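Dropping the structure in here first, questions after.
In this document, chain identifiers A, B, C and D correspond to the written order of the chains, with residue numbering beginning at 1 in each.
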Amino acid sequence: MISANLSAIFYLVSGVLFILALRGLSSPETSRQGNFFGILGMIIAVTVTFLSTGNFSTGFVYVLIFIIVGGSIGAFIAYRIPMTAMPELVAGFHSLVGLAAVFVAISAFLNPEAFNLGYPGNIKLGSLIEMSIGAAVGAITFSGSIIAFLKLQGIMSGSPITFKGQHPLNAVILISIIVLIYLLCSTQSSNLFWILLAVSFLIGFLLIIPIGGADMPVVISMLNSYSGWAAAGIGFTLENTALIITGALVGSSGAILSYIMCKGMNRSFFNVILGGFGATDEKSSTSSKEQRPVKSGNADDAAFLMKNASSVIIVPGYGMAVAQAQHALREMVDTLKKNDIKVSYAIHPVAGRMPGHMNVLLAEANVPYDEVFELEEINNDFANADVAFVIGANDVTNPVAKTDPQSPIYGMPVLDVEKCKSVLFVKRSLSPGYAGIDNDLFYKENTLMLFADAKKMTEDITKNL
Amino acid sequence: MISANLSAIFYLVSGVLFILALRGLSSPETSRQGNFFGILGMIIAVTVTFLSTGNFSTGFVYVLIFIIVGGSIGAFIAYRIPMTAMPELVAGFHSLVGLAAVFVAISAFLNPEAFNLGYPGNIKLGSLIEMSIGAAVGAITFSGSIIAFLKLQGIMSGSPITFKGQHPLNAVILISIIVLIYLLCSTQSSNLFWILLAVSFLIGFLLIIPIGGADMPVVISMLNSYSGWAAAGIGFTLENTALIITGALVGSSGAILSYIMCKGMNRSFFNVILGGFGATDEKSSTSSKEQRPVKSGNADDAAFLMKNASSVIIVPGYGMAVAQAQHALREMVDTLKKNDIKVSYAIHPVAGRMPGHMNVLLAEANVPYDEVFELEEINNDFANADVAFVIGANDVTNPVAKTDPQSPIYGMPVLDVEKCKSVLFVKRSLSPGYAGIDNDLFYKENTLMLFADAKKMTEDITKNL
Amino acid sequence: MEIDPLIFRLSIFILSIFVGYYVVWSVTPSLHTPLMSVTNAISSVIIVGAIIAGLSGNVNSVFNISSIFGFLAIALAAINIFGGFLVTQRMLAMYKKKKKDKK
Amino acid sequence: MEIDPLIFRLSIFILSIFVGYYVVWSVTPSLHTPLMSVTNAISSVIIVGAIIAGLSGNVNSVFNISSIFGFLAIALAAINIFGGFLVTQRMLAMYKKKKKDKK
């Protein structure tokens, strides 16, 4: 058993280690060390908790057992999950953090003595407020993440589920949560606590269903932020510095990532959160325009164009992830490089379905990260490149964002692929991407459409090179 | 009289406002607002202190009087000081912070009851340690800054004062300070406290005299950092959050600026701090090489060259500050611009004598900051510019930093002025700059030397344009 | 003159938000996916609370209604901790620089 | 189970160092001189200690050996505060963008 002071110092140390963990991610070189700091911080936090309770009885053994069980499941998932399923994985994991926060809050509510928070029915006011906020936010995180997970997995339809009076209903429920917390704190009634939890689960569910499947990344990130604030709330209850620091870190992190995504899509955060985007427009816009002529080609044509190019820029998008084409792509690029063709990759901030999605997939396929460039770094190079090879990307290349103020994506920064001498588009049809709007590029003079699955097409091209 | 809790919250608020003050400096647009936050933070901190002592007796009146007296002096200095004297001003102000910290520590030592630190001769151990460290660092800051001030003002010679056994002596004194602190804390003897202060003043003095006048900016910044740590030390003694936060901010700020300067000069921090750089080399290198022929011209030649240029890059340096030539320069540039010549300014990170020195001077002369570029932003433009107008700068243009591994400034980033079609050098002689090494550029084909005072020459050129 | 510890915690919280803000903005965009998974892992430091809850039973009954929720929370948090750190590790291991084949 | 406030202060100190590190790196180089003068001003928040010291005398003797040092410190800090903020203000007021003469 160690003193409260000593454990407070160790919790501080682990908080600082978590800061260093995130700091490490400022560059790929330091990132692995950063992750190590994170693991170290967690080990310290857990060990100190054991030492400060000083309880090594049977309970301790069970704690270990549950850690091992949970840990094995986690490790199994971590090694098995394909890189393309990262968005779902993150959503799933968030739901667990939310649920864990709820469970801890329940436990503290039922047995406040174990946490030094007073006695059942007479919990310290401050702790009760923190605890109920933590529980409510945790519950919202849980049910919201579950919906996000189901939508991303495709188990639930991605289209927004809307009904009349949805927003007023949500507003009423949110207000009732605040009222419930107030009543709970004044009466200490355990019934109110359970009602609060139930209502919070419900609102998490209701808040997310109207949001389209493709907006889920913003939602996940927002829920990430929530889970951070929930953790911080519990941290105040438990008077634990590590939790407070971590909660604030995670809270900021999620908020900033949501902001980055919204900016990358040129949409306001509220526009995303209020939902209903995507599904309906899609059908209307696809039907009308498909008459216009497009030039389409096959793998042979593409190989010919690229063989005669001196520089090629690859623009991967969501379709590459769907088709798992990253390895095939890498092989194609290797062949191009053998022919002394300069190849680089251009990644749009919201290419794919989560921030950094394309980078992970390319890294998985052993593409060195110094060949991969961000939008601002590479956008001027398109004018000097011979071929833009757009694989499964669509919206992020759509010039309408620069030209048509009516377009829903107007003002979103896009990759200037049209400035290349020729543009190759690998996709299966003329159907639009996530934003549901037609891409004028398909009908341009210098565009060649390659209608096929991304992986199949890339392999074919490699054969023809 | 307000409660300890309430004042703690206000101190936190003022700490946060200080953070926002520094944050504002991330761009000129937000900087004025940032300064306002800083002022607000200070007002809050002072007001809360008054309210929390709750003492509005005669003492309070005297406090106000001293604030008004000090404030008037400060305001007077602030409005009168020429922008060229910023380095001295900062050094002078630092010495005051250091001395103030010493006085507060003395007062706390003599009357610990007023600070809740125990009783004379029986001060709480922790407080005594913090207090004596704060006092020692404050004293070093004071005497060190005084020397820096005198050297920068030219009252004291800028050349390093070195003697045999200097470093061992300093080491002995530094060790004795630690021993003194230890003894002081174990005996609580007030004699030891005075000895500690005296020795700290002495070491501050000894540490700075061997450092050359031109290295003073690094020293100032280092002392700035010290004054921050001293403030934080006193903050721990007074249990004051605002002081702790501020101390850490100032401490980091000074350390980072020292680092930036050392990197800009490609010298190690220890090389600077151990001193003895500059003075001796200067003479040896100037004498030997002066035979080589240079092309020198007059204002007329310079005006002719510039009139026929389509783009001119101005490279200001320390000499511009000495000559107070910024206003004349601005007028010259205005005339050039009227003739449709594109003009921009290139600022090297260590041009002048303190970080950002040139930027302030140009701003004073109403040069818009979007015409002023940093080294990385503009270095590639020299190749396309017609004329580089180097005014009072020398080391920051010296190509030897790129070519000669023997040179003391090898590896320091420099402005590539030699890539311009022609280079104009305004300085009074062929003597070297601060680093004391000859500049090959003077003898190049496309260089024209304009030997004169910078202000005089610039005015003459304007007349001839 | 004692200051309520809550105020200190509030200070820590606010300063951590500043740190979080800056530290996350300094993350390179290409590592945003690992960022999401690692924040996931570290936010599971809530396991600290879960452990206290799990150990809240007495010698006679390790399992009571409150400790059961604690144990469940431990398992959930453990999934996240191991899952989060390991998947991050796996991703980060893939980020490689170009091999310098040509000298 | 009370935690020593010193530990909280230590936490605040460490987190502030992180904040300071990031906030100062984010300062644009052209404002490094104002940065030096404003840090000067804010570090004079030590005036808080000076005021307490100055007010430490009793009703009969406002000036005692300890309060005199306090008053001196007040004056020194005040020079810095007013001088520092005002000179910063003066400098910052000079930083202007190009006027858009040509429409």
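Here is the rule we go by: a contact is a pair of C-beta atoms (placed from the backbone, for glycine too) under 8 Å apart; a residue touches a chain by one contact, two chains touch by 3 or more.
Note that the coordinates shown come from a computational prediction; the quantities given were computed from them, not determined experimentally.
Enquirer: Spell out the chains that contact chain B while also contacting chain D.
Expert: C
Enquirer: Using C-alpha centres only, name the chain that sits farthest from chain A.
Expert: Taking each chain's C-alpha mean as its centre, the farthest from chain A is B.
Enquirer: Quick check: more C-beta contact pairs in A-C or A-D?
Expert: A-C
Enquirer: Using mean CA coordinates as chain centres, what's the chain A-chain C distance in Å?
Expert: For chain A versus chain C, the centre distance works out to 16 Å.
Enquirer: Once you find the CA centre of chain B and the CA centre of chain C, what distance in Å lies between them?
Expert: 41
Enquirer: For chain A versus chain B, what separation do you get between their C-alpha means, in angstrom?
Expert: Using C-alpha averages as centres, the distance is 45 Å.
Enquirer: If a residue has to touch 2 or more other chains to count, which residues of chain C qualify?
Expert: 3, 5, 9, 11-12, 15-16, 18-19, 23, 26
Enquirer: At least two other chains touched by the same residue of chain A: list those residues.
Expert: 15, 19, 239, 241, 245
Enquirer: Got a list of which chains touch which?
Expert: All touching pairs, sorted by chain label, are A-C, A-D, B-C, B-D, C-D.
Enquirer: Enumerate the contact residues on chain D facing chain C in the complex.
Expert: Contacts found on chain D: 2-3, 5, 8-9, 11-12, 15-16, 18-19, 22-23, 26.
Enquirer: Spell out the part of chain D that touches chain A in their complex, as residue ranges.
Expert: Where chain D meets chain A, its residues are 1-4, 7, 10-11, 14-15, 18.
Enquirer: Which residues of chain A touch chain C once you look at their complex with the stated criterion?
Expert: 11, 14-15, 18-19, 21-23, 25-28, 31-32, 34-35, 38-39, 41-42, 45-46, 49-50, 53, 55, 57-60, 62-63, 66-75, 77-79, 81, 83, 86, 89-90, 93-94, 96-97, 99-101, 103-104, 106-108, 110-111, 113-115, 126, 220-221, 224, 227-228, 231-232, 234-254, 256-257, 260, 347, 349, 354-357, 359-360, 363-364, 366, 368-372, 374
Enquirer: Which stretch or stretches of chain D touch chain B in the complex?
Expert: Residues 5-6, 9, 12-13, 16-17, 19-21, 23-57, 59, 62-67, 69-99 of chain D touch chain B in their complex.
Enquirer: Can you tell me which positions in chain A touch chain D when the two form their complex?
Expert: Per the stated touch rule, the residues are 4-5, 8-9, 12, 15-16, 19, 116, 239, 241, 245.
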